[in-house]
Each structure stands twice: as C-alpha cells, then as structure tokens.
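As structure tokens, here come the structures.
What follows is subunit A paired twice: with subunit B in the first complex and subunit C in the second.
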Partner chain A sequence: MAIKESKGERIFHVVNVILMIILMILMIYPFWYVIMYSLSKPELAMSGGAFLKPKGFTLDAYKMVFRNRSILYGLKTSLIVTIGGAGIGTLVSAMTAYPLSKKDMPGKKIFTYLFLFTMFFGGGLVPEYLLLKKLHMLDTYWALFLPGCISVWNILVIKNFYKGIPDSLEESAKIDGASDLTVFFKIILPLSKPILATIALFLAVGFWNDFFGSIVYIFDKDKWSLQAVLREIITNTQEAMTRQGITIRNENSSNVSQKTLTMATIMVTTIPILVVYPFVQKYFVKGTMIGSVKG
Partner chain B sequence: MSEVNVLVNKNIGKKKNTSKKLWTNICKYKYLYLLILPGFIHLLIFRYATMYGSIIAFKDYNMFKGIFESPWVGFQNFRDLFNTPKFPLVMKNTLIISLLKMIFGFPAPIILALLLNELKNLKFKKITQTVVYLPHFISWVVFAGIIRAFLNPVDGFVNEIIKVFTGGVPYDFLGSKSTFRSLLVVTDIYKGIGWGTIIYMAALAGVDQELYEAATIDGANLFQRMFYITLPSIKPVIMTLFILGLGGILNAGFEQIFLLYNDMVLPVADIIDTYIYRKGIKEAAYSLGAAAGMFKSVIALVLVIITNKIANKIGEEGVW
Partner chain C sequence: MNRKKILCLLLIVSLISSFFAGCNKKETTSSNSTEKIKISMTLMGGPKKPNTWFQEELGKRLNAEFDFIMLPGWEEKNVKTNLLMQDKDKMPDVLWFNGMGKEYKQWVEAGLLVDLIPLLKNTKDKNILKKLTAEMLFPYYKDGKLYRIPTDIGGNGCCMTTYVRKDWLDKLGLEVPKTVDDFIKVARAFTKNDPDGNGKNDTYGFGGQNSGSVDWRAFSPIFYAYGYAPDFFGMYKDGTVKLGATVPETRKALIVLRDMYKEGLIEPTIFTGNDIGQLISKNKIGMFYSWQSFYNPEDGTNKALKANVPNAELLPIDPIKGPEGFSADYPEPPGSWCYISVTSHAKDPQAVVNVLDKMMTKEIGLLNEYGEEGKHYKIENGKIVRTISEEEKNNLGLGSLGWIWFGPKFIEDPPQIAKLAEDRAKSANAARDRIHHFSLSIRENMPTYMKHATEIDDMMNEIFVGVITGQKDISEYDKFVNAYYNKFEGHQIEKEATELYNKEKVEFEKFKEFYDKELKVQ
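Moving on, here comes the complex of A and B:
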C-alpha cells in the first residue's frame, strides 16, 4: 500500500508481535518444563527452578514408566479404543451421511430430524450407564468407544462435503449400471478421503484423551485407558503408586522421584499427540472450517 | 435394465396413487437405506434408548425390577432434588462458573483473532496459530498434572516465583476457595483461546481485501479499520457462537472441574455434572441422578430455543 503508516500503527504492530511471542512462550513453556523435569535427576530437581534444561540427565523415570504394569495396560486400552473408535466412527458416519445428502430419498426429512434432535437433547449420564449395564457392555472396551463414536456434528460435516461432489460423477456411474452401494464405495468414499481423515483424527484425539469413560464404565483397572491411569497417578500419587506396586526407594542411589515419574508419565501420554500434531494440524483447521459452514 | 424400469415406474406412479409411488421410491433407494442402517441403529440404541431410559427420573428405580417394572412416583425425585440443600448450591456454582467463563472467555478468542489478523508476516502468523492451537489437543488430565506441578504449595514453580520475587508465602491456589474459580477461568481460557479463533479466522479470510484498501485511501487508520470492517464482518459468527454458548450455560466444564476439585473447594466448585456423577453413579441414586440430568437437558433445550428465537428476531443468523 502506498499510504504510509502512522506512528501509532507502527507501535501497534511491534507491540502485537511482542504479545504473540509472549503468548507462544506461555503455551510452550509448561511442556518444556515437564520434559526437562522428567529428564532430571531427582535430588537435583528438588531444588526447583525454571528447568530451561534438565538438571543432571537420566532416563530412569521413563524406564520405570515402561516397566509399570498399569501404564502398559493403559497404553493397550488407549490404542484399542482410539483405533476402534476412530475407525468405526468414521466409517459409519460416512455411510450415514450419504443418504442424508440425497435430495429425494423418501423419509430423508424424518431421518434428518431424528439425528438433529439428539444434538439438543440427550438422556444424560445415568441412563447411559444403565443402558450399557443392560447391554452387558460395562467393563468391556466397547463401552469406551461404541456410544461416543458417532456424533451428529461429524455426520453433518461429512454431508456438507458430499454436497460439494458434482452430481454428474454419480449419474454417469449409474448410467453404466452401478448401484448406490457401488457408487458410494467406489466413487464417493475415495473422493472424501481428506474430510474422512480429518474426522478420524478428531475422533482419535478425543478417544485418546478420554479418561472419564474408564472411570465410570470400567471396574477392572487393568482395562483403564492411559489417561485414567495418569489421572490416578496425578491425583493420588502415593496411594496409586503403592497399589500399582511402584515403590520408590528413598536411598540416594535412586534416580527416580515421584515427581519425575509423574512428569515422565505426563510426557508418555502427551507425546503421541505432540508428534502427530504439527503434521496433521492443517487437516484439523480445514475440517473445522468445513464444519463451520452452515448446512 | 432395472434402472430403466424404475424410471418408467416412477413416471407411471405420478398418475397412480401416491402410496405406490412411495413404494417404488423405497425400492429404488433400498441401498441408501442399507447405508443409513448402522448409524440409525446406533442412534436408536445409544441416543433414543437412553432418552427413553431417563423416564426413571419419574420412577423409583429398583435394580432388580428394571426400568419397566419399577413403580412410578411422579415428580417425587424432582421434589427430592430441589429440596436437598446441596442443589441450590450446585446450581449457583454452575451458573457462576459458566458466566465467569463466558464473560472472560468469550471475548478472548475474538481479541486474539483480531490481533492475529493484523500480523503482516504470514510465516510468523502461521507459526503463532500452530502454537496457540496446541493446548486444545492436550487432555485435561495432562493439564491437571501440569497445573498441579506449577501450583503445588510445596514445590510448584509458580510458588517458587512468589517466594523468590515477592518474598511472600507459598499459596495453595487449588485448595483455596477464593482463588479456585479464577483458576478455572484462567486455565479454561489458556486451553481454548487459540482454537477458539479458528472460526473467526475463517470468517476473516472471506473479507474482501479491497474494503481495507478503500478505507485506507479514505483515511481510516488501523484501529478504525479494525472496528468498522473487521469486527462487523465476524459479527454473525460471534452471534452464533454466543447463542451456542448460552445454550450450554449449564456445562461449566465437567472434566476440568472433576480433575481439579477437592474437598477444600467443594463449596465453590461443585457443579451440576459433578453432582450427577457423585449421586447418580457413585452413590447409585439412579433416579435422583437421572432427574438432575433431565432437569439439565430440558433447561439447555429451552435456552437454545429461546436464544435462537431472539437472534432471528434481531435480524441475526440463528443456529437454525
């Protein structure tokens, strides 16, 4: 632009950049602190400080985490639930959204209203608990992902995406004698890969981060998700660790303290997300933008 | 071949009665019904059966008799619920925490989006966005762990700072009734501010850049452009999100509070959802828990309908 900026505007831009840098530091620093603390030697870490780098260096806390039975079981549960929930949820949502994107299917309106209504009204925690009990799903992995894997919101997002696919593609396939099923699996699904990947990622993050399902529906703590195990370690360190058979010797030779162990567990729980996040971030953003377009 | 038949049938159907036309249509779309079937069964079981199950709010639920056989008690559970001294407190806490989050948390992403929008270096903008979105993807469990590590009165980092820089005594933020709600609001904003900007940024991306140029030529400064171009262009989005926020006013943030609260702050932190969990699941008072849940759902539904009506009336786009 040819017009010169005023002094006030220039100051604003400088202040703005500084503000953003401060914000970024605020967002990153807690994780940095946790990583550095988890790598520190406990007797040095005890003195506190900002942990810009580890105090001493040891991986013993991580070794201990991966020797811990409940954390390994938690990892197993979290993987099953994340993969199962994201896989089934995405496929069924994609299937459900297709008929709803068709204009002239009889009963389409009724279906749509039945789905939409559940966005605004639901049974609540207690009836869901009793239902799962009735279905004999309590204490199974199913309880952790089956009820929550399909959301109307996701269906709507996929439906909006389908609407952008040119009708001519389907019509020409139909003239060649393809049925709706063939059209869906051979044409629509492959074309929808980007949106389905986004939905799957959203679901995966949600299931990976879930702790409450385990606490409510699972009594056998060997089937708890990693987040639920982590919660127990965080909220009730001493008790949880004794029950899980972790004993930290208070001798000087020990390279692990409760706090370094907690920090290491936090990192193990978070690392999968931190590793995947930078690569998939743009899909998340795109998916949300598609979702925010009213349909 | 069959496709041709269907087309022919459809044309004939126009002249014949409509029920026959409907039937041929249903046959024509049979595979579509097959596709919708799994999702529909899921809907019936996990949404509508639970909705039906919430009738135990009007029954004296007995585990051995089940939902059907348990005796009806009318509104007794609701009377019991409203008569417990706990309930007004829980409602009050829910509304206060929700409103505080709304007052401070709702404008936060709008302000951040406006600031992000003014960043001229696109690469820097992109990096900033990537970083501020991150906390949204980290679980509340992990955050609870980090919050504890930072605020612990014995060796928390924040308390170390207090000790070193102000010489003050360590403060138990998590165990103090006077700071707990502020803590909830601050950590909630921290986690959500970045991700909250996304929809605003999407709306801003659609603003015609020529508007800014024209305004600049006419002598509008940066702040005037922000106020008269940027803000109005995201106003519909702000309204829609505000409506959704009001509809969810009884959700004060269950996971966050559940992970952070403790006996010391229970009087200021206990919300309707934590109450439902403790009564309805932990203490197995199923009917009471279901009544509390139904109360919450109905209020939420009414709020959404009312706010949407208002939005449509004042000429803004509602949610539907």
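Moving on, here comes the complex of A and C:
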C-alpha cells in the first residue's frame, strides 16, 4: 500500500513539478527558437516574436550551410581535433596521473607543485604563439589540440580516482610477474573506465567548442575548426560592429537570410557533440561520483 | 650496438631531409619573386573564402601572387591582427585594420609600417591619390608622414536620415512633419490613433536603435533640431568649442524628449537594446533615425516590412527644424573607419603600392563586385545584371576586396537614392561645425578631456536616460553640468577643445598646401 501523502507534500509535489516544467521550458526554448528560426522563411522570421513552429517552412538555410565549403572543412578539422585531442589527451592525462598517485614516487611533491603552478599561471597569448611557432606547429592541426591535451584539473581528478584502487591489486599482479606497463594498461586503465570516459568527454566537448585556437594559430582558413567558422558567421553582424565602435552599416550582411543562416549553422555545429552525451552519460554520472568520494 | 647504429642513421637521415626541405623552400620563393611579386594581405570584408577564382584572377590581372589572410569575426579580429604584427614572418605585406589606435602608434614607433607618401607619388597612374582628397588624408597625416590610408571611402558625408511611415501619415491624414511641434504631433497620432488599424494600442510614434548601449544618434531628430549632439563637441555661438551635452539648448531638447516619453510616444527599447530592423519590420514604430540604405526597396529590412505590411512605405524626410530654424543630419567623420597600411614585411614596398594602385580601377572594382562579363554578369540597357546566384558569388570569392577596394563608381544608384544621399550630405555638412569630429588626435591634444572622458560619458548617459525616462528630475541635468565644470575641469576641456579646433584649421591649411603641391593629381 502506498504511503498516503499529506496535503503539504502534495502541494510541494505540484509546485515542484510546475517549477521544473518552467525550468525545463527555460532551458529548451532557446534551443527550440534556434531550430524554428533556422527552418523559417527569412522575411517572415525577421518580424520576430515567439516561435512555436517555423514561420513558412524552408530548408534552404540548411542546404546553404552544407554547400558552404568552410563548414565542411570545419567539420573535418573539428572531428580530427576532437577525436585526436580526446584520445591523446585522455591517454596522457591518465599516464601522468598514475605516477603522481603513487605514494612512494621520488620527487612526487615537486612534480605535483610544478603541475599545479601551470594551473594558476600561464605565459600569455604571445609567448604561447611564439612557442608553437618555434615548434613548427602553426597552421597544423597539432596546434589545435596538443597544447590543450594536458590539463592539471583532469590529472587531479584521475589521480584521486586511482587512489581509490587498492594497492594490493598492483602488488599481486607484480607477484605474478607483470611489469609496470602491464599493470597500468591491463589493470589500472580497465578499472578506470568511468573516469576515463568522463575525462574524454570533458576534453571532447572542450576541443569541439574551441574556436580561439583556430583563430590564433591557423592561417589557412580551410583548417579552421567548425566553431571558429561559426563564430565568424555570428560575429559578422551589425551589433558586433557597433560594439567595436564602428558605425557604418554592413552592406554585405544586408542579405535577409543572414540570420536564418546563422541559426542553421548553430544547429549544425551543436548537434554532433550533443549526440555524444547520451552515450557517455552513464559513465559521466558514475565517474564524477566515484572521483569525488574518497575512502 | 645495433640499436645505436639505427638511431644514428635515423638522425642523419632526418638531418639531411630537413636540410633539403629548407633548401627547397628557399628556392621556390626566390624564383617566384623574380616573376611575380608576392603580396600577403589581411581581409575582413567579403565571403572570406580562401583560394578562390577571384584571388587567382586578381593575381593574373595585377601580375602578383596574392596570399589572403582571413581575419576572424569582429570580436577577435584585433587579437589576430596583433599577433600577426608581432610575428616577423607572418606579418602581412598589406594590413587592413580598424580602430586599434594604441597598437597603430606602437607599430609606427617600432618601424613596422612604411611611409606611403613617396610611394604613392611614384605610382604610375596615381589611382589612389586621385580618389583621396585632402580632407580624407588629413586625419592620418602626421609630421610629414602617412602610415595608413583610409579605405571604404565611398560615403558622401552622411549615411543616416529621419524616416517616417508614409502609409501611416496617409491613413491618419497627416502632413510630413517639419518642425519639432509637428514631430510631436505626428508621434502622438502614431501612438494613439492606431495607425496600423489592428484595433490595438501597440504602436509608437518614435523609436530607434540600441545595440547594447544607448546610441544618441537615434535621438537626432530632437537633439539636432536644438543644434547640438550631446556626445560630440561643437562650436558654440559664443566662439568656444563645447561638449554638446553641456549647452543649454540640449537641456531644452531633453525636456522635449522627457515629455514625449511621459506621454508614451517613445518606444522603450531605445534605452534597453533592440534590433532596429526587427522593430521596423514588426510595424511597431512610425518615425526613427537610421540608415539611408533602408530606403532601397532591395534592402532586407524594407523587404521584411513589406512582407509584413504590403502597403508600407518608408519615407526619408528632411531633418526636423528646431525653434531657431536650425536642422541637421549626422555628419560622418571626414576620414574612414578602416585603413590599410603597408608593413615592413614587404621586401619591395614600392612594388606593393604599385599593385595596390593598379587595384583601384574600375576594372578591378567590377571584377571584385561582379566577376567577369559574360560569365558572371551581363550589361542590359546600361545596367549590370548578375547572372549567378548569391551563393556562387561567394564561392567565386567575389567581394573579397570589400572595405579595401575604392575607385571610380561603376554603378549609379537609383535616382531617388542618389538624391536622398545628396540632400542628406548637404544637411549634414551644414552642421559640421556644430557637430564636430576632430581630425587630429584627441588623445594627444586634449589631455584633460582624456582624463575624465569615461566618467563624463558614464554620468551623461546615466543622467540623460534618467531624465528622459522620468526617473530623474531635470535638476539632475544641472548637477551634471555643474560637475562637468567643477569636478571634470570643463573650462579647461573647453579651452583645449577650442585650441584643438583652431589648431586643426591652421594645420589643415598647411596640409592642404602640401597636398596641393605634392599629392594632388591634376
């Protein structure tokens, strides 16, 4: 028999549900607005207002987006950078965190502090640029993900997770004749799947959303990431120009479909990474939880 | 043993290969420079597509090899430009930029930019000099040197105008407003007499743009009728140059605006931020001060309005006359908002300037805008008709020289638009002394103003908005004027402004003499 709810509890539930629904609408509507705007006919969409359904359905904006060379090249760059960055980044983060999690590593404190130092202080944009130039990484995909592969925050999260794995596991493996590498790849990594998936997702989202790297390190526009292309499309508006103190009217963008095009581009650039979430989410929740409770 | 050998071999191979790679690169660059000059150039306008048909064709016609460096969007372009200028190898030969006053000064001091005067004089056809008048060059000339030239100089001194909805006027049987009183009367009728006929009280007499912060130009019909722009310096009738916000006439204009707002005649997003195009096309406002280009039937906003209200008609009108019979439109600054410079990266700056000069012709202008005749456009009854779609145009890279190319006009505007531009230029030029843009650097010549400018601006915006929206009493305005003179050293600012104004006149005469003698193309 179900426990009978008191009046107060019922009111609480009703209010709760209503609040949640309002919150959900607040979250979903902007997204919905973008989708509906991108599907609308430009001259009708321009009159604004709420969009519950597209105003005069058309797919032209999407057709144009997919015919845009920059978008397709951007997709290529973003895929390379996201997959490469998430893969390499997760691997090197896991490998860096492992020795740091061992109590008996010599100089562990110094290494940890050195890593921590970079978390609070950076060289700044120009030195970073010059470094990448000296490394001959300018104008290559490497520049977009190698510098961002190691993040101290991620290392700390993984390190804490490793601490939860009993030392005896490693000891027994060693007794059976496993080398350090074998222990790491055959025992530690498989046990760390939840945290690795979480970190991989962190990194992937980070790399996917990054536009600044492309803007700074890449000269060949065909190598810009999707987000950089999108950013350029979005900020080429009258508002952005006015903010920069320019008062002329941008004749180039007086094309009506500019805004629907922008909306369609936003959808095209957001959906791929959005699709990844459900698949990784089970790890995501588990990962952060396990990493956070030590014991 | 074996391992070491292999390692050694590998090292040697890699060393040799990198050595050869280096050689190869050098060879190609040197052989190319003998045939065609290589020019790298930053681009902001146009479709920003790399390696397009246009890029190649332009190179062919000007006998140069162009390397276009696309600047990112408006929020990040300065970061990129800065980095480019820090890096000797990646620095563009021709730099397009806008704003960046501080950086520009540093570039000049560091010797990164090339003085253009001798180079421009040595060009064969002097296309650039033909187009640049003394007025246009004056703001950028300093101590006998010219490190940048203004581009996008197609304007004629004014690109805004007062608009009124002609169809609303007709529906309510009203005349085109001429004076401030008419203006208020029409605004009142537009607000209260349901001009859109939908039975709802949802229209406003007057509205204006606000892209994030209050744009005082939006209030021009009232402010300028009283003679001064609050956010600009201008020559006052007593012979001193004063900040428009501080003169008694502006106080009167403020009261008019306050009363209008109180009556509900002003659309409120003018203070909070809006999209002016949307406001117009949504059929919300009857009068506003905005871009002349809205008048063009092909303009996006105009089209959107017509899609919404088929019989809508935007009518640009003469500026509203104030109580003293004065009226004005917003005068554009004499130079431009963007520039090009030649950097020290150019091995042969003269050759680069020669190519730039050859670029500013009608032929290249047509190529940039329309492509090749017969292939991408045709001429019908003296009119240029594009035969390709907007998308193809972008893919070809047409328009890449946007904001860079200037030269002889190759298309005439439709007559009504040409006339509008001409009329507005006249009404704006009449106000050039009263709404004055300094050509010489304010940073260097008006230190007192620079010291307080931010505070003055903030206080002015706060109090002006407060007074108009009725949150502050008009006595707050008097407090502002008081603070301006006492706290912010207003008298000293006026002295410096007046001195700068006079200095400009003298310097300009001097420059004009130099220009006429050295630079003017007969």
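Just so we're on the same page, the second predicted complex is superposed on the first by the 230 of 295 C-alpha atoms of A that agree within 3 Å, B and C clash if a C-alpha of one lies under 4 Å from a C-alpha of the other, contacts with A are read in each partner's own complex, and residues count from 1 in each chain.
In the analysis below, contacts are C-beta pairs under 8 Å (C-beta built on N, C-alpha and C of every residue); 3 or more make two chains touch, one makes a residue touch a chain.
These numbers were taken from a predicted model, which means no experiment stands behind them.
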**OP:** Determine, under the contact definition given at the top, whether A:Asp220 touches first (subunit B), second (subunit C), both, or neither.
**Re:** second
Original post:
What is the contact status of A:Ala143 with respect to subunit B (first) and subunit C (second): first, second, both, or neither?
Top reply: neither
**OP:** Return first, second, both or neither, reflecting whether A:Leu261 touches subunit B, subunit C, both chains, or no partner chain.
**Re:** neither
Subject >> Touched partner set for A:Ile71, first subunit B, second subunit C, both or neither >> reply: neither
Subject >> Comparison of subunit B and subunit C by subunit A residues contacted >> reply: B
Original post:
After superposition on the shared chain, which partner residues are touched by A:Ile158: those of subunit B (first), subunit C (second), both, or neither?
Top reply: neither
**OP:** For A:Phe184, decide between first (touching subunit B), second (touching subunit C), both and neither.
**Re:** first
**OP:** Scan A:Ile199 for contacts with subunit B and subunit C and give back first, second, both or neither.
**Re:** neither
Original post:
Looking at the overlay, does A:Glu128 come into contact with subunit B only (first), subunit C only (second), both, or neither?
Top reply: first
Original post:
Once the shared chain is lined up, is A:Val81 touching subunit B (first), subunit C (second), both, or neither of them?
Top reply: neither
Original post:
Looking at subunit A, which of its residues have contacts with both subunit B and subunit C?
Top reply: 46, 48-49, 125-126, 129-130, 212, 216, 228, 231, 234-235
Original post:
Across the complex, what residues on subunit A touch subunit B?
Top reply: 1, 3, 5-6, 8-9, 12-13, 16-17, 19-20, 23-24, 26-28, 30-31, 33-34, 37, 46, 48-51, 92-93, 95-96, 98-100, 102, 104-106, 111, 114-115, 118, 120-131, 134-135, 146-147, 150, 155, 174-175, 177, 179-181, 184, 205, 208-212, 216, 227-228, 230-231, 234-235, 259, 262-263, 265-266, 269-270, 273, 277-278, 281, 284-285, 288-289, 292, 294
Subject >> Residues on subunit C engaged by subunit A in the complex (per definition of touch) >> reply: 45-46, 48-51, 69-70, 72-76, 79-80, 83, 86-87, 89-90, 98-99, 152, 155, 159, 211-212, 215, 217, 275, 277-278, 281-283, 291, 293, 299-301, 303-304, 307-308, 337-338, 390-391, 395, 399, 402
Original post:
For the complex, which residues does subunit A have touching subunit C?
Top reply: 42-44, 46-49, 64, 67, 69-70, 125-126, 129-130, 133, 138, 212, 215-216, 219-222, 228, 231-249, 251-252, 254-256, 258
Original post:
Where on subunit B does subunit A make contact in their complex?
Top reply: 1, 3, 22, 25-26, 29, 31-36, 38-40, 42-43, 45-54, 56, 66-67, 112, 115-116, 118-120, 124, 127-135, 137-142, 144-146, 148-150, 155, 157, 160, 190, 194, 198-199, 202, 213, 216-217, 221-223, 237, 247, 254-255, 258-259, 273, 276-277, 280-281, 286, 289-290, 293-294, 296-298, 300-301, 304, 317
